[in-house]
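Note that the chains are named A, B, C, D, E and F in the order they appear, and that numbering of residues resets to 1 at the start of each chain.
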Amino acid sequence: MSNAAYPDWGLEQIVSDLRASREELHRTRHPLGIRELPSRDGVINIVAGLRAALFPTHYGAPDLTDESVDYYVGHTLESTLRLLAEQIRRALRFLPENAGAGDEVLRKRAFEIAREFGHQLPGIRALLVSDIQAAFTGDPAAQHITEILLCYPGVWAMTHHRLAHALHRLGVPLLARFINEIAHSATGIDIHPGAQIGSSFFIDHGTGVVIGETAIIGERVRVYQAVTLGAKSFAADFDGTLVKGNARHPIVEDDVVIYAGATILGRVTIGRGSVIGGNVWLTHSVPPGSSVRQGKIREIASDSDAS
Amino acid sequence: MSNAAYPDWGLEQIVSDLRASREELHRTRHPLGIRELPSRDGVINIVAGLRAALFPTHYGAPDLTDESVDYYVGHTLESTLRLLAEQIRRALRFLPENAGAGDEVLRKRAFEIAREFGHQLPGIRALLVSDIQAAFTGDPAAQHITEILLCYPGVWAMTHHRLAHALHRLGVPLLARFINEIAHSATGIDIHPGAQIGSSFFIDHGTGVVIGETAIIGERVRVYQAVTLGAKSFAADFDGTLVKGNARHPIVEDDVVIYAGATILGRVTIGRGSVIGGNVWLTHSVPPGSSVRQGKIREIASDSDAS
Amino acid sequence: MSNAAYPDWGLEQIVSDLRASREELHRTRHPLGIRELPSRDGVINIVAGLRAALFPTHYGAPDLTDESVDYYVGHTLESTLRLLAEQIRRALRFLPENAGAGDEVLRKRAFEIAREFGHQLPGIRALLVSDIQAAFTGDPAAQHITEILLCYPGVWAMTHHRLAHALHRLGVPLLARFINEIAHSATGIDIHPGAQIGSSFFIDHGTGVVIGETAIIGERVRVYQAVTLGAKSFAADFDGTLVKGNARHPIVEDDVVIYAGATILGRVTIGRGSVIGGNVWLTHSVPPGSSVRQGKIREIASDSDAS
Amino acid sequence: MSNAAYPDWGLEQIVSDLRASREELHRTRHPLGIRELPSRDGVINIVAGLRAALFPTHYGAPDLTDESVDYYVGHTLESTLRLLAEQIRRALRFLPENAGAGDEVLRKRAFEIAREFGHQLPGIRALLVSDIQAAFTGDPAAQHITEILLCYPGVWAMTHHRLAHALHRLGVPLLARFINEIAHSATGIDIHPGAQIGSSFFIDHGTGVVIGETAIIGERVRVYQAVTLGAKSFAADFDGTLVKGNARHPIVEDDVVIYAGATILGRVTIGRGSVIGGNVWLTHSVPPGSSVRQGKIREIASDSDAS
Amino acid sequence: MSNAAYPDWGLEQIVSDLRASREELHRTRHPLGIRELPSRDGVINIVAGLRAALFPTHYGAPDLTDESVDYYVGHTLESTLRLLAEQIRRALRFLPENAGAGDEVLRKRAFEIAREFGHQLPGIRALLVSDIQAAFTGDPAAQHITEILLCYPGVWAMTHHRLAHALHRLGVPLLARFINEIAHSATGIDIHPGAQIGSSFFIDHGTGVVIGETAIIGERVRVYQAVTLGAKSFAADFDGTLVKGNARHPIVEDDVVIYAGATILGRVTIGRGSVIGGNVWLTHSVPPGSSVRQGKIREIASDSDAS
Amino acid sequence: MSNAAYPDWGLEQIVSDLRASREELHRTRHPLGIRELPSRDGVINIVAGLRAALFPTHYGAPDLTDESVDYYVGHTLESTLRLLAEQIRRALRFLPENAGAGDEVLRKRAFEIAREFGHQLPGIRALLVSDIQAAFTGDPAAQHITEILLCYPGVWAMTHHRLAHALHRLGVPLLARFINEIAHSATGIDIHPGAQIGSSFFIDHGTGVVIGETAIIGERVRVYQAVTLGAKSFAADFDGTLVKGNARHPIVEDDVVIYAGATILGRVTIGRGSVIGGNVWLTHSVPPGSSVRQGKIREIASDSDAS
């Protein structure tokens, strides 16, 4: 049936080469057989459902009334928690301790985690309300709460983080990372789900912010775009192996402000009430009340620069 | 009907706790009753419609011809302006001066704003054409106008900004912020709708650019990724209250180039034709024709760094 | 039929003004008549299809088995290559050398390019596997390969880049740019399709990374967020015209690590095994084994800073 | 910009001719200005919502539990009644008595009708349950209640009819007709919303059934495919004008069975417990307990027939 | 990779058997190579576009105004005619006379047919307006023109027929049949596109109506559900071959009424102004002014009947 | 939060009344707990997938080539059989013999049924090819095989029936009924999945055809619209209980033709080669070669008739 208008692609060769390529990797990757993957679209729907249950008039259905709002919240919660339990079940398969667990055991465990997560939602909501109020008092351009709920990438990122962090603590790190990356892609703000962040946290603009896995942040902290709370990792480069999970990111105490582009690295402590200036590069602790800023840049004539 | 396969979530408790949490916030937030919110998806559709009306062969329907293009533009405009008027109506509710206005009054006002906005579109198109031409002459990698219209995040951001700025000036700041954040999420470029930007403006790469609410930028200005035109805000930190809306961002005069990562803060003026080097930190004005660059970085051996 | 409820928009005036604005630009832009544009949505679907064919169990259909996977891959490949050939055909129209080519000639040429591209896929897959393994060994927070395939923006960006680079080399730069910008929007990582990147390349976090058109990167290189491999372009500013396509971006040799925020500009060479510290600004070559870091920042009291 | 590949359609002429054609009809049709039309898709969604609220485990969300079902029903009801009120508002405009009514008056009236309709739903559900049980006992091929709820066109038609009839009685005949025609298109069963039908009504197969506007049907009646309960309308043909709305369709008393293809015309009464045979043509009343069947068909050789 | 949870389907055997089955049929069916098929979904969209262009306020966009309606109609027409030309091009391939035609020839011919079709639309609209008015005067239950446009299956069927008939006459019988079957599926009314039907035609209820390919119907004719205007085809059964396309269906003159279930077969003529009663079986011509009705049905006791 | 603009619906009362109504029915319906229902949309997708696998160039993907068609068929089959196995699993729950079966048992049984069904597809395809050829030779208006595959409701109905019948025989009557009703809704042809139909069966026009559960039809049979092969069920009406599943519909031997509107009732046999005329009513067997037609209708003047 082959003809001039549709010449062959040589599919058989490509398919066979790709199979060979897969089989090489599979040998190291599937010792235990096929595992269903959590679904990115599934997780996106779950986050949308949770946001709608938390802030039904802003993120949920239009025109909810006092009479209808609890029906909406109850129904949204239930269907979202069911979807979540299913994704948790898939994610649990990827934990080494569950390698040999039966399907029914994981299903039950997933339900329990989702149930516990559901009961943490009112507490998460209270934290998010504190973040929203921090944005309102922290940004001179903010007009009202609605603008902040709808237009602030920092609030969007923290909504995802606080949900992801709860899942991380409940023992589902893979789902938590999914949620974190969904927010990272939308906002340019990359907060590892393991990071512990106190109430009334505000990120302005946000693009390029990176907060590492073991960072600990106090209450009423404010950071701007391109701030990094990272790890010092040079030493390991020469060693060749990376130790996973140890405390390697900064501790930021209450009421600290960190301006745009500042980089703070390693398990250092930024004392309560400190102000870290823009573009500062900091790899040691500073006491409470410190004010750190970059040295003065010389202004000189120049004939070359960056694009 | 409850059975082992579907144990209870304890929904009633969560729903009731969430209601308690909402009611606390509502007391301060809804003194005037329910207000319909502008819809993010609605605004996304409006921007798509406006882009299609402005550049029908690139962003509109495929295969438009000379005979059909005006029908397409007319129809697209009309349906888009209608949607816009509806979103404007909702947004107007959030302005303090409209707190007590009747629905019919706001509907009429929204129509008038949308109508005026429609008549500004040819002028906005002319500015965008100047931006596109600036990209073509400003980027050595650009191959042709079509590549710029389809692939340049800076052009995408400026299309949104010029539409958002017009709405901002017409008195609909909330919708303008929506449009700004849609572009921010897609491009990593964060331009406050209040910023005033002259013709032939070009942003290359763009991720991390921040341009503040009261910035004023002249003609033929070029900026690269991670440039900040921000505010100096330390003083207010100790005062505890933020003054909203005063002029606090830079003025950049015609023909200035600002390279990647440069940070310019406060109501300073960058004189016409100046060149600001990459990563420069600048908090005072410079005269026309200045060339500012960063001091030399020492290169030293090191055993620790950032990840 | 006009009435009070629906006053007129004055559409006729706007439509006519927009036509006038278009006609001005058209005179310089369409000397050869209408050209069909490649479709962004089309390209997004093509990339999704290619990813599914390359990693069917992670990006393709759920629950593929040993029996079914080759049917899936073969079908996905064929339909994707057909879509690709169509988009290539459109893109070829934009190359100056094809200005006068007949439609049938371009269609045949597009098929041949798509076919050749298809046969490069197993090689591209091998490179991507090396990138994934580099991420696993390079990030202390990585838990397993699946997390990397699903959650790492650097892997997402490199998947797009390796596909885009192959198309770029096969003579379809416009499609390649499309793919690059789709990844840039999703990840904040901006890699020009022309950049040559060796195996086992790892980008962590990634927001703000810029890698220019003529950059050459060796094997086992690792870069962090906000790293720029850019061009020095001052000189050309005074000349007024930009030379397109010449070698103007860095060469990075094997086993180099470049930490967050470092900026390397111009056709310089970073010698094998070098480590470039965070925020370093570098415009000259360094020999193999170099370790370059930023000078110490003074910490001083300050009363103003950036937001 | 016109060229050989895209010759003109002559659109201007067609558009202008269509406008002329419209304007002729408009003169007689829009004396009161534009009226929003009810939306067919809107009505389809409303019926789907009502069916889900009535039979949540069969037509609603999968996997509802005792804990969640009331949240689901409450939320579904509320959002469906809101949509219904909007469609009712539009439909009310088409009643002559509302010709001059203000928009706010109609909105309020529409809300009240939708509210009353909502409170009739439990009663409608009870009637539908009786219809379903009648199908189970009336069809020797029926296996269980679920098959009847999911696969019986007669049940589908009656669900639509009982909802449509309630709206008809509440004074919204246009919406009721919409619902009737949606069911007619899906099942081939055409029941005018005005028809009054008692409990435990069963239609088997159903294609071609027609039940007229003023028909009255008792309890436990059973009809088969292609049964017509119609009007005798000859007389009016010679008169030239049709009297609208008078009683002109049959009364069918309790426990009657009407077999396939039977046609009963005019305001006649079929007495309780009668059986009307297949293909019977009946234009006068029959007493209770009658058994009517077609005369014997002769079997003869033939050389012509119908296709 | 095969495991217990996913046993094999034996796909290879089924795929190979299906290929064998296809190849047998292909030998007789594809002597000329692959031909693109018209798309059912494509035709559905075309009919929707044409209906919107013909009756923009009822089937098109909501809220069109005097200012915007022509833009809408022009744009809808143009994009619909373009889609139509593409489907015509595919359909032309199936005509024996086009077996050897080049692609460019068919494309040009398809454009010309679509263009001519476009210019017939105002005339088609005038016929449809006459049909709608006939429905209003012919049905005592009709409330207003809007109900008829939105809820009458006969009007829906005639809209499809009049469009299909125009395509049939323009030499695209396959597309015409598609349109006819789309309406048949939605309404149960099966009108062959070849049938010639005069103005002011009204079909009430409609389910089961069949009108054959060579039927000719005058003006102001009215038919009810289950009426057949068919062919006598017995003779051919014994002959074994069917002559295609000859005149074999009835001619129905002006002002005839045909009641439900009547069957008229063969090339007979029903004279002007005749009335044909319900369930009548008629295989010969009747003069103008005839009134034909079924003989009286005996009413007898019976112990068996149809379900 | 209640206000004048949004008065209450009284939801709580309706929700509670509906719950009471459900609980009454539930007591008799759910003695065994919740059972997942087969999904109508799921079954629609399965039928679409099966049709695509059987006739890939007509119902599957456009532009399949000799090289790609087996990949397409294999992939489509596999994903469709997987979906089918899931729906079968749900349907098995509704068979009384599976009331107590474990989930794993049913899953395994469902897989085996789907697998067996898959291996019957080539045989089903052969029957469908015979039906298509029968349509071509049986309808004087048929132009080519493609028209028949795309536009003939009889072919559409038989495709569904032959698939449904295979499932019925494999012990999944509920899914089979679903498929039958999907075809019934689209075509007006109602064939019970239990009916046994030989090869080369042709239904023309089809609206109103009903073929009962225990009917047996030979090879090369042809039927027209509104033909009923039904049961005589009078006797049971007086008895009050219906015996389910016994042989009660006609046997139609090879080469029989049954014209439009004919009704054949009860377990009678229509002998090979017989011709049954239009509208004939037949309740007893006829020998091979019979020709049965309706008695002559008297033509009389009349002043009343049906609408």
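One rule holds in what follows: a contact is a pair of C-beta atoms (placed from the backbone, for glycine too) under 8 Å apart; a residue touches a chain by one contact, two chains touch by 3 or more.
By chain, with names taken from UniProt: A, B, C, D, E, F = serine O-acetyltransferase.
Keep in mind that what you see is a predicted model, and the values were worked out from it rather than measured.
Across the two candidate interfaces, B-E and D-E, the one carrying more C-beta contacts is D-E.
The two copies, subunit B and subunit D, are related by a rotation of 180°, based on C-alpha atoms and rounded to the nearest 5. With centres taken as mean Cα positions, subunit F sits 24 Å from subunit E. For the pair subunit A and subunit E, the distance between mean C-alpha positions equals 57 Å.
In subunit B, the positions touching at least two other chains are 1, 6, 9, 11-12, 15, 34, 63, 65, 67-68, 70-71, 73-74, 77-78, 188, 207-208, 226, 228, 230-231, 233-234, 260-261, 263, 265, 275, 278-279, 294, 302-303, 305-307. By the touch criterion stated above, subunit B contacts subunit A in their complex at residues 7, 9-15, 17-22, 25, 29, 34-40, 94, 173-174, 177-178, 180-181, 184-185, 188, 190, 192, 194, 204, 207-208, 210, 212-213, 224, 226, 228, 230-231, 233-234, 236-237, 242-246, 248, 259-261, 263, 265, 275, 277-282, 286, 290-295, 302-307.
Residues 53-54, 56-58, 62-63, 65, 69-70, 73-74, 77-78, 81, 111, 114-115, 118-119, 121-122, 125-126, 129, 137-147, 150-153, 186-188, 205, 207-208, 225-226, 228, 230-235, 257, 260-261, 263, 265-266, 275, 278-279, 283, 294, 297-302, 305-307 of subunit D touch subunit F in their complex. Residues 61, 63, 65, 67-68, 70-79, 82 of subunit C are the ones touching subunit F in the complex.
Within the complex formed with subunit C, the subunit E residues making contact are 1-2, 6, 8-9, 11, 15, 63, 65-68, 71.
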